[in-house]
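As structure tokens, the structure follows; a few thoughts come after it.
Naming follows writing order (A, B and C), and every chain is counted from residue 1.
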Amino acid sequence: MLEARLVQGSLMKKVMEAIKDLIDIGNFEFSSTGFMLTDMDPNRFSVMEFFLHSAGFDHYHCDRNLSFAMNLHNLAKILNCAADDDILTIQAQGDGLAADSITFTLESPNQDKVSKFEMKVKKIDSQQFGIPRTKYQAIFRMPSSEFARICMDLSNIADTVVISVTKEAVKFSARGDIRAATIACMPNTDVDKVEEATLIAVDEPVGLTFALKYMSLFTKATPLADQVTISLSSDQPAVVEYKMAEMGHIRFYLAPKIEEMNTEPLGENEDEMETEPQAESNPPVDTKAKIELWELTSFD
Amino acid sequence: MLEARLVQGSLMKKVMEAIKDLIDIGNFEFSSTGFMLTDMDPNRFSVMEFFLHSAGFDHYHCDRNLSFAMNLHNLAKILNCAADDDILTIQAQGDGLAADSITFTLESPNQDKVSKFEMKVKKIDSQQFGIPRTKYQAIFRMPSSEFARICMDLSNIADTVVISVTKEAVKFSARGDIRAATIACMPNTDVDKVEEATLIAVDEPVGLTFALKYMSLFTKATPLADQVTISLSSDQPAVVEYKMAEMGHIRFYLAPKIEEMNTEPLGENEDEMETEPQAESNPPVDTKAKIELWELTSFD
Amino acid sequence: MLEARLVQGSLMKKVMEAIKDLIDIGNFEFSSTGFMLTDMDPNRFSVMEFFLHSAGFDHYHCDRNLSFAMNLHNLAKILNCAADDDILTIQAQGDGLAADSITFTLESPNQDKVSKFEMKVKKIDSQQFGIPRTKYQAIFRMPSSEFARICMDLSNIADTVVISVTKEAVKFSARGDIRAATIACMPNTDVDKVEEATLIAVDEPVGLTFALKYMSLFTKATPLADQVTISLSSDQPAVVEYKMAEMGHIRFYLAPKIEEMNTEPLGENEDEMETEPQAESNPPVDTKAKIELWELTSFD
């Protein structure tokens, strides 16, 4: 039996908005530690992991692990019915493995409106991607809205971004046929609000190329957290993490593109952006790879 | 001769916005009691009736009944030119039956801008749908924005809504292929603002099925009134009424669908929503039917 | 060498937004007096001229005239990256004639974000349209937002507008198949804010017909200035000018249509708006014509 109650029901609505364009069918897992929603994009280039601690719920009871797949677009439509102050309760009756429908209840704070939604789900075996934690060469944290803005701006110029991190700055570079851009963000902790800070921790300088299409999709999570933390190593998928205070997190993993960085002068490579990016240049995320997320203690 | 002056000219603009997607050509009738605009949707499933008392105008002079048909999209374009504080004057010269164009004048409050629009109209014989008043089994009143929200939310789930009214609650239910929803609104008069109240008056409990497409179109009138009143009887068209204080009202009539309420468990009826709703399941509004609107004295 | 620094970098962004739908490739000219951007629309019906005084820049150094053509859509995408308080620096290295790329740098006020954009340009010979200044029969100045509103409203009714100016009023008239409109704006200097004033100066009353499509495109410049000044003569292109305080201006030139004003009663000319406007009825702007802009001293 599962019963999970979230007074701030609109949080789940925001999460669905953030990920529904990235994946179709999500793997939902409820266990005693909390709620985990994972999926790999259909092209297997990126992995998404959303986790909400059981302690993040206002009431949480799950006496047996429950795993099912659900269409996220359908779920987003249900959660869109939540008013900003609605209370959300997720319920599954009976044995978790036997449940084939989940009930979502939205209650207005003064109880004069109660909406119940029942949704058929597909039972699945528990399926953890099991991305282990590793140490990264460089990590930076910056305002999530700023990162979203940079991805949007560079998407106008090219399909890929080179992210280079040194102690002095994080540089985002894009190079198209007739335009090129470099945006440099310098460390800055002398800010009015802590969420406007930019922090950089470098073990070894790194420069990696990523598909802007995926980075831009990740930034849909911007409303969930004021800051984004990005961890980079040349032989690992990058981690783009939006941390929701004490409640949980949403993490995206994306493999760097293997192509060489283009250093030709602007205009010499007219056809550069015309050719379709090679599938092999953006290797599928190896979910078996041994990764160990570097402890971000220097920031916290 | 007709001359009708409305200081709050933007009211007419809001009305046109509310109804222009529902009907193409409206029947306009000016008489000594006021201005009535009626039409039946092309499929004859719903009837719309907008009435503005002559006393609702700041100046009103109509010495002979004037009836004409006008394209509402063209009229909406003219009224869209009205600024929020513009004064609207509607004029027809000469004998009402001879008039073949109507003049709309918009004046800015300080008179430094005057816009005159002339529009050709088609004379028609007075044509009242003559929907008489009847007694209804159940009536409820709720915030119009809340009703609009419910119609929008349920439209994501199914094509039809079952509205059930008991003394305890109004329930809106929709049942799709893989999702089902029930939204219950309880009576509530313990509210900060009177327009947030929900009232229910039941002579006999009732449960009727309606096409959500029409209900959703009706909710375009939401900006005209804080509350909506819905009157239901099993053998009559429902009345969805937006009352504009002392000035007038806009009422929509919609026949219930005849189909049986679906009580099968979720998922047993996979093709349910795929089949095109049968024309006969939503009978045309019988404008000859004897209806007598129950006095809503219990609410006022 | 060119280096031009504009603390209010968002100004250039607004200018590009204003003109990018009107022209594709603009002619950019930097000289010691300032920056001029000109172009003729592809159909040669209108000419656009944007000028920014060198004194309007916070720093301006141009030791040799520099002329090049640039795709405005590409430039608009770069400038869209500017935050509202970003500082913009435009640079070209070496001899102006040799430059084949221009660098745009955007700096955040606290210097923690620096974005550099490099863009290839096409060198061209200096090419002034050389529209000379002339005396006009009638000039009026009005709130730019009001003018934009009128163009939008009348575009719903017809393809052309007749602008008639007398000492008493500026009248904008449009006549479609089933609707006709006349909007009269009276002189008004008794206003709370100077930018709400309407001024009219008439040497000789004038009535001219213009394509609303172009007038509407010009109104994209509305965010650049609170007021618009329109100068009319029956044998000259009209001038629609948005003046940006001390910094510069954007001017549009549009030839009047030659067709006779339609004075037939409404409805007698059913096919009037159906026929495609004849190309010869809107003569290309004669850039050789001797025009001398009447000094607007009566307004300033």
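To be clear about the criterion, a residue touches a chain if its C-beta (ideal position, glycine included) is under 8 Å from a C-beta of that chain, and two chains touch if they have at least 3 such contacts.
Bear in mind the structure is a predicted one, so any value in this text is a computation, not a measurement.
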item	value
Same-residue or different-residue interface between subunit A and subunit B, half as cut-off	different
For subunit A placed onto subunit C, the superposition rotation in degrees, Cα atoms, nearest 5	120
Intercentroid distance (Cα basis), subunit B paired with subunit A, Å	45
Residues of subunit B touching at least two other chains	none
Subunit C to subunit A touching residues, read off their complex	71, 74, 77-78, 80-81, 100-101, 110-120
Of all residues in subunit A, those that touch subunit C in their complex	146, 149, 153, 156-157, 178-186, 188, 198, 266-267
